[in-house]
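Naming follows writing order (A, B, C and D), and every chain is counted from residue 1.
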C-alpha cells in the first residue's frame, strides 16, 4: 500500500540526502510534507527546486523550501531563483549554505535527463555567461552549446491534485510546474495530494504522472 | 483559420522536404493526409517516422509511410523499424532509397531535442554497436554516452483524436505515440483529427498538445 | 489617451504592444513588460504564455480567483477559452524551441552586439536568472523594454556591457521612452525617435555606436 | 501442467515468470517473451508496460476491442483498471531511466561479458532495432529468454558474440529450456539446470566459460 501518514516520513528522508521539491513560488508545493520535514531532526539536505519561495511575515507562514531554510535543514540549494526570499540570500552570504543557480529551462531539462537515463543535454542557454563556468562547450553543426549534466535525487517531494490508490497523478492549473518531471528523477517519490480517489476514477488519457514512478502517497492536511 | 481541406495540402508540402509522420505500426497515422500525399506530384521526400508500417495485401490497403514508399515519393527513411514492410527493405537493397535506423528511444529524444531547441542529448543507447558509427562519444562523470543530434522537419504530419478550433489536441489510447513530440519539431504542423470540436470543450488540464504549435487542422475522411 | 498623460513605463509598454501581430504568442517578463497587455490592439488575438505553465493568460477575473492560477510573477491571472496548462519541461521546450514569437524583458544594459545584461549586479543580492536566460536564448524576437538611461542618468545602451551577461547576441529590438533600435548582425539601427525627443538627445544618452535608419520617422505615439 | 507437456518456448516462459516480484513493472518483447504473461503467479501484481505507450497492459477483451489499444507488436490487448496511456518520449524516459524493473527479450547470441546480439544478421534483411537497444540500456534487469542452441545446434551462449551487438555488458540473466545463468561483473554463473538436463549437456552446448554456482539446484519446474 502506497498511502502513508506523515509520521512515516522520518523513515523515508534522512540527513545529507538530496531532495527535489516541486513547486513554483508558493504554487504546487507539498506543504504538509515540507512542514513536517522542517520539524524533523535532520540536517544538511541538498534541495533541488525552482525557487526558494516568497518570504512571508510572520515567518510561521513561510511555506516550501523557505521553511526548511529557516529551520536550518539545508546545506545546499540548487534553484533558478532565490530573489523573493531574502533569508536564502542572507544564509548564502553568511556562507551557511551553498547556492547553485541554474536557468529554469536548463533545470527542467537536467531533471528530465536524470529521470530519462540521459548523460546530459546540450543547450544554448547560458552560453557566454557565468553559467558557462566550469562546463564543457560542445559544437554541433557549427553551433556552440553547453553540456549540462543530469540531476537526480534520493527523494522527490511533489504535489499533485488527485491520486488514485496506485499513484496515478493529475495536477491543478499552474500547480503542475516541476512536479511531473521530478517524479521520474528520484529513487523514492513521495507525493502529497489534495484528494485520494478510487482506482478507475481517473481517465487513463488525462493522467499526467503514471503510477509506476510514485512510491508513497500522503493526503494533504489542512 | 487553421482548418483546411485536403486539397490545400499541395500548397503546404513540396518535393525534397523532410517530413515527420506520427504513428506506431498502423496506429495513430494521419491516413487521409498520407493517402492524399501519395497521389500528389511530389518526390524525394525524407521521412522521419517510427516505422514503415505493416505491408498489407492488397497493396491498396497499405497505409502510412508504406503507401508513400509504394508510390515512390521517398528518397530517405529515418526510422527505428522497417521489418514489417518488405517493400522498404526491397527499395533499400535496390538503393532506390536510403534508410537510417535509430533506436526508438533515441528517435524520441532526438525529436524532443529538435523541438526544444537543444543541440543534442547524450544517451547510453547504442554504445558499442553500429549505432555508434560516426558519432561522438562523450564521457560524463566516468560514463560514456553517444552524442545524438536533434531532428527537425519542414512539416510534421500528425494524428490526434480531437482538436478544438485553436488546435489544442487530445489523443486516443496508444495512437498517441510519437505524435505529441513531433508536434514541436517542425516548421509547419498539420494535424489530422477524428473530430473537430468547439473552443472550450476540452478540459485545459487534459490537452496534450497546446494549440500554439499546431498550424493546420484537417478532419479525417472515412 | 495621449502620450503626454502616460508615465514613462506606460509609454514604453504602449510602443512595445505595436510589435505584436495577430496570432502571436508572447511571453511578458515580470514588472513593466506585464503592462504591455494593456495596450494590445483589441482587434488582434495575441496569446500570452507564462513560463510557470500557462498558455493563454488573461486578466484575473474579479469574481473567480484560483490560488493556483497565477503568472510567473505570482500574480493572480485568468485564462482565455482555449488556454491550457503545461508542465515546466514543456513550457521551456516551447520557449527554447522557438515556439514563442516574442518575449519582452527589462534590461540593465544592452550593447551594440546585441548582448544583454539584466539578471545580476555584482556586490548586490543575486536573485537568480529564473527563466530569462532561456527566454532570450530561444524566443524568435527578443524585445528589451527599458528606460533609456539609469537612475544616475548613465547610458544603458552601451558599446559593451559591463555587467554579467544574461546572453550573447540575442537582442532583436530595444524600446525605450525615447527611441526604438533594431539589432541585427552585430549592429544597432535607430529606427524611431519619440515625438518628445530628437536625434541629438538620443546620441547624447546612448553610448553605443548606431546607424540611423534611412526610413527614420518620429513615432506619433498613438 | 507438468513441464513435460509444455513446448520449449512455454518452458522458458514459465521459468522467466518466476523472476517477477509483486509490484514489478515489466516490458515483454515481441514473440516468446509475450508468453511469459501466461505464467505469472496469480497471487502477485505484475504491471506490463508496452513501449508504444501503454502502462498496465492486460489480455485483450473478447468483447471490447479497440483498434488503438495494441501492444508494441501490434497485437490487440486490454488495459488494467489504473492503467494509463503515455507518449513515446515518456515511454522511453521510463525505459531508459530505470523505471522498468525487468525486460524480457529474445537473443540470437549472448556472451560471457553480458553482451547481447539480437537485432540483425549481416546479409539478411535488417528489420531495425525498434526499442530493443533502449530497453537493454536502461532496464534494471535484462532477462534474455531463448533456446539454448540455434536451429543448427550451435551454441548461442558464447565467449564473444560474432553478430552485431544490440548492447554491451547489459545482460542480467539468461534463461533457456536447459539452464539459467546469471551475468554480473563480466562473469556468467550457472545457477540452475532443468530437470530434463544435466551439467555435461550444458557444458557441451555452451561455448562461454562459466562458473557453476555453489547453490546450484535443479529446477523443479512447476
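Please note the rule applied: contacts are C-beta pairs under 8 Å (C-beta built on N, C-alpha and C of every residue); 3 or more make two chains touch, one makes a residue touch a chain.
Molecules present, by chain and UniProt name: A, B = Acetate CoA/acetoacetate CoA-transferase alpha subunit; C, D = Acetate CoA/acetoacetate CoA-transferase beta subunit.
Bear in mind that the values here come from a model prediction, so they are computed numbers and not experimental data.
Listed here as common contacts of chain A and chain C: B.
The interface with the greater number of C-beta contacts, when B-C is set against B-D, is B-D.
The distance from the centre of chain A to the centre of chain D, each centre being the mean of the chain's C-alpha atoms, comes to 35 Å.
Mean C-alpha position of chain B lies 29 Å from that of chain D. The distance from the centre of chain A to the centre of chain B, with each centre set as the mean of the Cα atoms, comes to 33 Å.
Among the residues of chain C, those in touch with two or more other chains are 85-86, 92, 95-96, 137-138.
For chain A, residues touching at least two other chains, in rising order: 109, 112, 116-118, 123-124, 171-173, 205. Shown are all chain pairs that touch, namely A-B, A-C, A-D, B-C, B-D.
Residues 25, 47, 49, 55, 79, 81-86, 90, 92-100, 137-138 of chain D are the ones that touch chain A when the two sit in their complex.
The residues of chain B lying in touch with chain C in their complex are 112, 114-118, 164-166, 168, 184-185, 199-200, 204-205, 207, 210-213. Interface residues of chain A facing chain B in the complex, by the touch rule stated above, are 109, 113, 116-124, 138, 140-141, 143, 145, 147, 149, 170-173, 203, 205-206. Within the complex formed with chain A, the residues of chain C that make contact are 50-54, 66-70, 72, 74, 85-89, 91-92, 95-96, 115, 125-134, 137-138, 164-168.
If you check the complex, the residues on chain B that touch chain D are 24-28, 50-51, 54, 79-84, 86, 89, 93, 101, 103-109, 111-112, 123-131, 171-181, 208.
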